[in-house]
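In the two complexes below, chain A is the common chain; its partner is chain B in one and chain C in the other.
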Partner chain A sequence: MRRFVAMLVLGLALSASTGAQAYHRFWAGCNTEAPTFMTTMTRDAAQDYANAARYEGYQWGGGCWNYDDVDSYPNDPPSEVGTHGEGGDCSGLTFKTWRESTDTTRDGRYYWRALRNVHGPYDAAAFRAGSGAPNHTVAKSTAGVMDAFASNTHIGMVFTRSLYGGDQIVEAKCEACGTNIFYRTYRSDSAYGGVGRWGWTG
Partner chain B sequence: MKPAVLLLVVLVAAACGSGGRARPLLRGGSAQAFGAVRGSALTAARVLRRASLGTRLESCLLRGDRTSVPADAPVVERVGVDGESLTFADSTGSGIYACDGGLDPAGERPLPWCGRVFGERDHGRLLDPRLDVNCRDRRGRAVAYAFVEPVADARWIGVQQKGYLEVYEALAGLPVRVATAEAVEVEEARATFEITEYDAAGHELVQREIQARVAG
Partner chain C sequence: MRRSSIRSLAGGAAGITAGVIGGIALTSVSAAGPTRHADTAAFIDAAHVPPALTLGGEPLRLRYAIVCPPRDDGLACDGAGSVYLRAGTSGPFTEYPLNRGEDSADGRYFVDVPRGIAGAREGFSYYAVLRDERTGASVTVPSGGADAPQRSRPLKRPALVRLGSHVFGNVREPSARVAFAHWGSGPADVGLAGTRDLGFTGPSSFDVEQDGTADILDSVNERVLRWSAAGRSESVPLGEPAELADLAAADDGGFDVLEPQGVLKHFRRDGARQWSQKLSDRTWAKLARGRSGPVVLEQPSEEWMPVAADGAPLTRAEQAHAAHAARGLANGHELLVDRIGASELRVAELHDGAQLHSWRITSETPLGEVQLAESRGNGIVVVTHVYTDARDEFEVLLLQGGGLASRFAVASSSWTETAPLARFRLARGALYRLRTTPEGAFVDRFDLEVPQ
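Let's look at the complex of A and B:
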């Protein structure tokens, strides 16, 4: 009996441990499947794609989420890739929404499923510089729906333009605030530049 | 002669008898060996001022960033076997820039720079290594760049390359921009750096692995 109790206690302790396994959680359900090449790439479809990622959370260096409208692992330590939580980060969300390729020389037009864990080779600063064949800088005054505003540390896409100086921006913002649509004044913020993606078909 | 320079001379001189083939540096010349490690390659490094670098630095900075870096800002220039870089801080010291050297596969940036990164500091330390996987070397291999924050008392940062250790000197209180063409996974936007750190006398302090991902 004593031995049984000891084993029971040990088993309970092991099952309750959250050490090493704690940071290998959401990504365990993500996949590496190939993207689907699409001949069309419309701004409407990009809006739908980004809109569907709302409420799915934020993960530094991430690019994997489901569609249950809940951040499975909110409030992880910021700037920590190893937490492996749900959601994209700002550049990961943009990469997937813009149907980009992991090869910077290619146009892409790849539809990445939500659970495909991919971030892409660009951080916000690279997007800001217009790096990569599919990307380019645009004048902020002309930035329209599904163009983006990028600084050295953040990028958000224009969901709708506003009449009052700001824009409704869809963005993966932070661990605490997740991915959502926010009113922002990036258009008039000198830290931000306008960025676009070539090749929209509508 | 300053103690640091004297120390370097001693370390390099000690390496002369250690054998091993000298590796060519990216911009000509051969890498000296780091005395503490047989067959190592010491990256050429120096501290300059922004104003003295002219277009070499200005061609890397975006127009919107040019006012955020003082003209007299110290800039660490490094030339290694497969990579070269510039590292400098903004006027507040809370942000670190790096210009990464190599070929831009997308053909958008002329040599020498293929990438530029910006990292935020929190309490004096970078939030993450700011990995860049968008450069290629002359052989077409992907070259990954990342920042290393030296541990306390570390003066030399060794990065394990294929068959040798490439050694970088920590300078000007800035994080050390290191490069590797090994263990780079472009498709997954990640790279692994095998790091060994040494104190000023060349004594090994710590070994660690940095698994870096493109983020933010």
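Let's look at the complex of A and C:
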């Protein structure tokens, strides 16, 4: 028993070290609760939702965050879903903001709460191609609020257009820069295409 | 004895396993924490695109998006507020309550500017106070409120410039290459990070000093690379990463670096950080040199804000209250820029608030962002982005009072991403462009010849 207690203490100490914290951390507090079906789905409610994810970080393959305005685990190695840090990645944030379904044949309209850990079936390239029942491509010059610009590696949603012709884009950008609203010129960049979500109600 | 030893080892193993699992679980739960919707009562944000340059006499509707914490019922913010308007730039503001529309594509909340104010000879000025009815939180747009209101001016006898349909592939080659570095981490290299799957980042901005020295922000290698006009290069270590940051050379020989999260850092000539200051607003578009220090185009205010004056940083409130819709030019005038719809650009040059020249530029090919708008002699140089869904190039316009003096196209492709409006600089009468390829990064110069 004494050995058990001694090793228990050692284990707790190890778990607090950087190495042990490198994986499986934030996601342990996320959940798998069912989304709520909504009949209404407005662009400004989507602005509210995406805006609240600002400062909550970036996680490759992620889709779970809280609302404390702090990235609990910044600067994880990129491209590693196993780091299980806080935040969505670019396509995960878009999927949840656009209230999509994990079934690509369905329209969705599912309200996913922040701590519901879901990324969705689409990566940036799939969004760019307009894949999935709720999604479609749009001419970039017509893209408006809560439409998006997607390349083969990234997607960001239009928060609003801007005076000098660029756009304020809400996006999960990278581990170092997190999730925020940045001024971007994706609209005129030929690496990016315009994409939208069907079914906005206002 | 043997049985006791096995039990002891098993107990120890079980203990360490339980400890690690328990510790990770405790850490994770603590890190994730509860959803804090109810605790973020004070949070509110906004979006608004001001009609900076109008055609005069046209009906004007000011639209706002009010952005609140997400509601549990999934509906939009229950917002409200008022716009405070006045004709011209002096006198009291009059309050006009916002209406709530059915559609939020351009901002759900709006007010129609009364004809007497919208049609005022010198335009009008205004600000808005927006609030979340659920929490009582409020925000003022622009941040400086009545002290630094937004301005809307009618274009006065604008020169009409019709660009027509852009012909892609007819780009001008640069006059000279003033800086080049291969990818790498050596003393003369410029850093590259990322992968083909993630996208690449490299030098995120550059500037050209009055003596012709070209400075590249080597974001990955945490330094500034400098090439003198004579071609000598040197490296100034900054000691911190600057991914997607903007750069402006300062008058004291140092550098201003604007980070993506909205912190401006001033570095001395030797790379030592002298001070840092948070921006007033949440988002920035461009860092530039103003008459007495760095200025930043910020959102949601959509105004140029000074971040320092005479070498000392300004507080966030000081920045907001000293903001201007127009940008100060090197020739002592001011410039207003307004991109309208998909393919129109309006530009006005002012002096002491009076309009000297204005241009209404239309294009059959969509126009993207305005990368640069600066004075050169008695004209204005504008670099804008023309695009279709498949192609894009930059269009350089040399404007004079009577209209378009000359124009040419410049290739836009670049291998890495930069700060949003950091691809061009105007210095010593020439246009400079930052570009990257699989071989490295370089700065090219385009000499500008304006017919007299």
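Couple of notes before you dig in:
Here is the rule we use: the second predicted complex is superposed on the first by the 180 of 202 C-alpha atoms of A that agree within 3 Å, B and C clash if a C-alpha of one lies under 4 Å from a C-alpha of the other, contacts with A are read in each partner's own complex, and residues count from 1 in each chain.
Criterion: a residue touches a chain if its C-beta (ideal position, glycine included) is under 8 Å from a C-beta of that chain, and two chains touch if they have at least 3 such contacts.
Being a predicted model, the structure only gives us computed values, none of them experimental.
In the superposition on chain A, A:G193 makes contact with both chain B and chain C. Contacts of A:M38 after superposition: chain C is touched, whereas chain B is not reached. Of the two partner chains, neither chain B nor chain C is touched by A:N75.
Number of chain A residues touched is higher for C, counting chain B against chain C. Within the superposed three-chain model, A:A129 lies in touch with chain B and out of touch with chain C [touch as defined at top].
In the superposition on chain A, A:C177 makes contact with chain C only, while chain B stays out of contact range. Touch criterion met: A:T153 reaches chain B and chain C at once.
Once both structures are placed on chain A, chain A residues 78-79, 153-154, 190, 193 are touched by chain B and, in the other complex, by chain C. In the complex of the two chains, the chain A residues touching chain C come out as 1, 3-16, 20-21, 24-30, 36, 38, 40-45, 47-49, 51-52, 64, 66-69, 72-73, 78-79, 86, 99, 111, 113-115, 139-142, 144-145, 151, 153-154, 159-166, 168, 173-174, 176-178, 180-185, 187-190, 193-194, 200, 202.
Every residue of chain C that touches chain A in the complex is listed here, in rising order: 8, 11-37, 39-40, 43, 45, 47-50, 52, 65-71, 74-77, 102-108, 195, 197-199, 241, 243-244, 260-261, 282-286, 297, 299-300, 302, 337-339, 342-343, 345, 366-370, 384-387, 389-392, 412-413, 420-421. Note for the complex: chain B touches chain A at residues 62, 64-65, 95, 105-109, 115-118, 120, 127-128, 130, 132-134, 186-189, 213-216. Considering their complex, residues 60-61, 78-81, 89-92, 102-105, 118-126, 128-133, 152-154, 190-191, 193 of chain A touch chain B.
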